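Next come two complexes built around subunit A: one with subunit B, the other with subunit C.
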Partner chain A sequence: MRSLASLGYPSLVCALVFAAGAAGLAAVGARRRRRDLTSAALRAMAVAAAATIVAAGALVTALFAHDFSVAYIAQYSSRSLGAPYLLTALWGGMDGSLLFWTVLLTAFAAIALSRAHLRDTALAGWATVILAGISSFFLVLLLVPADPFARLATPPADGSGLNPLLQSPGMVAHPPLLYTGFVGFSIPFAFAVAALITGRVEDSWWTWTRRWTLFAWSALSIGIVIGGAWAYTELGWGGYWAWDPVENASLLPWLTATAYLHSVVIQERRRMFKAWNVSLIVLTYSLALFGTFLTRSGLLSSIHTFSEGPVGRWFLPFFGAVLLGGVLLVLYRADRLRSEHTFDSLLSRESVFLANNVLFVAAAVTVLWGTIYPIVAEALTGERLSVGPPFFDSVFIPIGLAILLLAGAGPLVSWRRMSPRAGLRVAALPLAAGAITAAVLAALGVRSPGALTAFALCAFTAVSVIAEFERGSRVYRHRDHAGLLPALVRTVARNRRRYAGYIVHLGVVLIVIGLAGSAFRTESARVLEPGSSMSVGSYRLTFEGARTHLTPEAQVHQATVAVSRGGRRIATLHPRRDFHLAQQQWQSEVAIRSTPAEDLYLVITNLHRDGAAELRAFVNPLTMWIWIGAAVMLVGMTVLLTEPRRARAEAAAPARERAAAEPVGAL
Partner chain B sequence: MTDQPLAVSRRPTKLVVGAVVIVAVVAGLIVWAMNRSDATSFFVTTSQVARLGPAAADHEYRVGGRVMAGSVRHHGVRTTFRLTDGRDPLTVTTRAALPDTFKAGASVIAQGTYSGHVLRADQVLAKCPSKFKPKD
Partner chain C sequence: MRALVATLCAAACVVVAAGPAWAGPQQVASSVASRVMSPFCPGVTLENCPSEEAVHLRARIERKARAGWSEARIMAWLRNEYGPRIDAEPPAGGIGLLAWLLPAAAVAGGLAVAGLLLSRWVRRPGPPPEPPAAPGDRARLERELAEARRRS
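Moving on, here comes the complex of A and B:
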């Protein structure tokens, strides 16, 4: 069966011609200061984006038409696959996901460049060279080693289908969000490089790309949380994060980007940290590339499959060029990146931001070390090993708690300098909240020092941040007699950056509460005959039997488990164990009873011929707060991203005068 | 209140010291954590395990191999099976959930401690946990 797939390869060739042409035109235009050439390059970039979108459209229509003469479609879809998952098959395999990545890259580049061009032609010219160059690299990948349109000589009657693990709502949202994050970082990277090349490192370009960084960072944050939720509901081991290298790959650029979003505030207000900020942008983009290829290169299975992998050998020179080029440019422009101010005092908001940055980068180094140590060790000693969660937990948790402490301390400390006595006065209430929380929990029998510290810090930070809202909204409540909610809305609207940042921090506090709950996880496993029971936590679980039915996709075995507590039946859960016909593979579907206090998490891990079921039950305290915290973060991100243009311009204006006049700062 | 006199003349020694202290503490944490016995586990084949002998007892291993046909026994939630790399087989016992791809002939990785004849696995994973399989 033929489909529009035959359009795909020519479209990609066309996209490459225009992207490469854009890079060339923009380079000449930027060197000779020819505006007409730069404009032509921007139009060429838009054509490249359109052609890439046509190619992706061709693959999607071919997926829906079940054109199994395309090797990719035969490998990652099947006739019985439902409509949403036919779409997810676009990024379910390596070649398709690279195509999707390239669609985002060319489209983001075309949008960002057309806007920047109006403001600063020279800078946009060099940014076009970078973005068109990166696009060309990815298009070459798609044409040579990772062609998603490669044909099969003898098309099969049906495809081998999408991995059942990927057939879940989380997998519809998780990869696009991660890619949006990864690809979004190429915009600030391109402008940073352009600013370094032109030597025009003054502040204006930061402010326009800041929004792209925020956008990319927000997408990546939500994508990571959805990835955790997907693991929690699909993988059936009761947890959401395993320090798997694939997970680490998404966390690495997030950590450095988060550091950047904080230190750029210092740059705007105090003209400090310029070289550091450019370095963070280069590092973030390099780590995003590293993550993209780490998951595709075979590097994770073994260093030997890496060099043999089709994409790996293309990736290394490109990654090296990005990282080395970025570092050399920063060194070349080091004299122009000097801070215009220095620190005044150890007790100042600047130093809180500095400590925050050091810790975020240290966290990134930790995760990077644990992720690449197996590769390094294999290269040096030939021995293959893996680094497990105990390593990551024992380093990352203390760093994370220290960062949480800073999130609470930040609002209490003023810019430039502050007397220790004044510091103690404002810190008294949050400190008391933290101490009382720890004391109450200890009295209730909580013994884990890690969890006590985490909850105490959560209380400290939450009270510190909520006090900021109280202070900020006081004038509206007292002077204008506004209600609490209208007063809060006006407070946030007046200084979006600062208060939206605090909303994000409150979300982080809730997430930490949820993560800390995992210290109290309990689990139990038993093989149950129908009618028999087991206990986990305060619950009594009775297996009432399983029913089997057939769907086009799978043979479904649905168990009925009665949940009672204190002798009273409170719920009925239906964990499933499905046998997927296309893949000939079992897949457990968990059942979760979620409450703010705790999740009861059931998974059937085996079904015996005699009707008995192997039931594993987990009690995960406070897990729901992770998802609630992420939703609160999303609110804060939305407020930040919808900041009106005028307010942004004001916030970006030289902050020297304001810094002296205003006691507390903005995020 | 102007920035100039105070800010430019003084070097931020205290801050540099503070940053260095943070870096040193984190570096110390990393070194300490890497030396935990459960931090790293060596990836070996079943015949390599057979040659390890008693010295292996105090370390974590990840053993890769194929599940031997007819070797799988369930005793409640405990499962015993034999893994092989084509040469020396290894008996694995575990109370952990088995991966959904687990069956005779499947490639799996069992992670745990080796007692001298049996690997007590606290985790049994499918051979290829990553989403994008490298082309063999």
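Moving on, here comes the complex of A and C:
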């Protein structure tokens, strides 16, 4: 393939000219109510998107053509790198990842604006100003401190290659999904700000951008889980979440976006929480930017290696402007953001949603505080303290369990009001399920209070949600004599939003079961001569020796470990210790025997010259349920995202009808 | 309702009777490794650090646990060897207290504000609530009920 890298920089300049032009045209068009100028701005935004895609395409051609005259290509790829990982190199480094981010941003902006323009020119005009402005910022970054097309005076014969940790299927999907999430939030943010500028906060900006928010949230959710799966299979420590600052950076906007997705339901149904919802969207986008700043500034210690560079100091003022601007606009429009209704009762689904929101935001504050605390402590005392998993586990797990309790309580409580007696009646079965689960597990020898609580709450929530499906499908089973599955399918199809949400909650329950299993993790580490054995959990592991072979990328040392249980050989695993030639770096490749009950996880931490191997073995109970739960969540997300347009319109209409029918209450 | 109360009480008795777990040397070593940051890998606990040095430090900790050292004594030894930054969580006093107080304040403050707002929002007893179904759903329900009546 021929390198088209020379097209890259001019394309970015062209994209910046058109994005900045789009922002200017849209601003004038929106102020003077000139529809022609707004239309021209939208076309300019489409050209900016096309030019950015051309630039990204140019970098991809340079990667595949091994054009090492481009510094980025020389730093993040090599001749021996396979095709999938050549593509991964596009987002494997700082500059390329920012280019990829900008491609998504301009493309999403062009698509969202072209559709919104048909519905409301004024709102689309100001949204164009915001999105084109954000795009211009990122394009300036690409042209000044993070130029992915910068040339080397003397190109090397081969590149340094991609970090071996990034040469994994998980890394092909994880960063693009995270970026899709982060960037996707810019669409609801832009429309929320546009609604605040125009003062038309009562308009349905949130229903137009609902699908974008769901899309971004879904991508971020799955991206986070795939990141966990990548850490589990690549990092060799037997876990999937380390509360690393970069991991936390992805969790922060997810928490506030999840709060928003719940509270916006109240806005749709009851026309309440307007100020809260718009604030949550501003906060979500600000946190996405703040996380990006944190991870690219090198301020915090992280196992993620691409966090150094000059880009961080560009992000801080931009993040500050976004957050401050958003807060000022919310305050400016406070009078129009008043709720039109009030609550009828303390015991209602609205109250559960409110508590859910408080806990999600408290969780976000907790994670943010724990992440930045080392910097704060150092600034105040001069001494740098550490904040690691024990802190986050102590403060986050109780909040997470309370959120799980609310996920189970929500379906049990009716909208508007419910008597405590009726509440107890419908909660009896889930409560009994939770209590019996805790009792049975305690009787079986489970001692961890956290795990007991988690399993009890999982049972409570699962029964509560399954009972909803049972109630919903009953009419089809009794009236139409439909089978269980067809009745369930019809139930979900009739009210996609509600039941898709429940499917997502069931996925969360399965994930929590998997996470709670980590309380029972056992591990063992030994130096094993060929032929010698060690035990971990109920397994007996015999090291049968290691074989070495050479690939274009690495010298591979593959161990053979016989796995026995109860004196019977049940599996043979092959953990590896590879020496990557381009990076001159050792990398362990784990071997996992995965079952629904537990994972047997082996990693070679060192190989001795005499043929002995240092073997670390873990038994991780219930881990598979995390990935199954994520798959169930994905099903729910797909059902939500594929909701037909007519159903969406119907779902939005009752809110307006109810709002018109109900008396207006003052706050 | 009585059955529910009886079930909850019985479950609570079983859970309480089960009692806490006994921690052996390996559990002590594992607990210590999860409570300290690795001096060898940035931002990772010793338990999660895959480096060779971490493997050796974990082995030293396990040897001390087998020799009868308590978790507190091993932690003190590690602080002495590597400094206070090895602690994976801030101390529960001084500036470290701030780290623990803010999350508690966020939850308590958030719930207090939500409670205050709720008590202001909740209306005094008024007319009976409307059915929770949306107008579209209500029409469909009535249609389906009429159809069911016709069939029966």
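Keep in mind that, in the parts below, the second predicted complex is superposed on the first by the 642 of 667 C-alpha atoms of A that agree within 3 Å, B and C clash if a C-alpha of one lies under 4 Å from a C-alpha of the other, contacts with A are read in each partner's own complex, and residues count from 1 in each chain.
In this text, a contact is a pair of C-beta atoms (placed from the backbone, for glycine too) under 8 Å apart; a residue touches a chain by one contact, two chains touch by 3 or more.
In this text the structure is predicted, and so the values were computed from the model without any measurement.
K.L.:
In the overlaid three-chain picture, which partner chain does A:452 touch, first (subunit B) or second (subunit C), both, or neither?
P.N.:
Touch status of A:452: second partner only.
K.L.:
Which of the two partners, first being subunit B and second being subunit C, lies in contact with A:388: first, second, both, or neither?
P.N.:
A:388: touches subunit B and subunit C.
K.L.:
Looking at A:399, would you say it contacts subunit B, subunit C, both, or neither? Reply first, second, both or neither.
P.N.:
In the superposed model, A:399 contacts both subunit B and subunit C.
K.L.:
Of the partners subunit B and subunit C, which touch A:428 in the superposed model: first, second, both, neither?
P.N.:
It touches subunit C, and subunit B stays clear.
K.L.:
Applying the document's definition of touch, where does A:93 land relative to subunit B and subunit C: first, second, both, or neither?
P.N.:
The answer is first: A:93 touches subunit B but not subunit C.
K.L.:
So, does A:439 touch the first partner subunit B, the second partner subunit C, both, or neither?
P.N.:
second
K.L.:
Per the contact definition in the header, classify A:505: touching subunit B only (first), subunit C only (second), both, or neither.
P.N.:
neither
K.L.:
Determine, under the contact definition given at the top, whether A:174 touches first (subunit B), second (subunit C), both, or neither.
P.N.:
After superposition on chain A, A:174 lies in contact with neither partner.
K.L.:
Residues of subunit A touched: more by subunit B or subunit C?
P.N.:
Of subunit B and subunit C, C contacts more residues of subunit A.
K.L.:
Considering only touches as defined above, state whether A:608 meets subunit B (first), subunit C (second), both or neither.
P.N.:
A:608: touches subunit B, not subunit C.
K.L.:
Which parts of subunit A are touched by subunit B and by subunit C alike?
P.N.:
Comparing the two interfaces on subunit A, one with subunit B and one with subunit C, the shared residues are 236-237, 244-245, 300-301, 342-344, 346, 351, 354-355, 358-359, 362, 365-366, 369, 373, 383-388, 390-391, 394-395, 399, 525, 588, 603, 605-606, 614, 616.
K.L.:
Note which residues of subunit B are touching subunit A in the complex, please.
P.N.:
Residue positions touching the partner: 1-3, 6-8, 10-12, 14-15, 18-19, 22-23, 26, 29-30, 32-34, 36, 38-44, 60, 62, 74, 76-77, 95, 97-98, 100-101, 128-132, 134-135.
K.L.:
Which residues of subunit C touch subunit A once you look at their complex with the stated criterion?
P.N.:
Residue list for subunit C touching subunit A: 1, 3-4, 7-8, 10-12, 14-15, 17-21, 30, 34-35, 37, 41-45, 47-52, 55, 58-59, 84-91, 95-96, 98-100, 102-104, 106-107, 110-111, 113-114, 117-123, 126, 129-130, 132, 134-137, 144, 148.
K.L.:
Sort out for me which residues of subunit A touch subunit B in the complex.
P.N.:
93-94, 97, 163, 166, 236-237, 244-246, 295-298, 300-301, 305, 309-310, 341-344, 346, 351, 354-355, 358-359, 362, 365-366, 369, 373, 383-388, 390-391, 394-395, 398-399, 525-527, 585-588, 603, 605-606, 608, 614, 616, 656, 660
K.L.:
Okay, in this complex, where on subunit A does subunit C touch?
P.N.:
235-239, 242, 244-245, 300-303, 339, 342-346, 351, 354-355, 357-359, 361-362, 365-366, 369-370, 373, 376-377, 380-381, 383-391, 394-395, 399, 414-417, 424-425, 428, 431-432, 435-436, 438-439, 442-443, 445-448, 452, 475, 479, 523, 525, 588, 603, 605-606, 614, 616, 650, 653-654, 657-658, 665, 667
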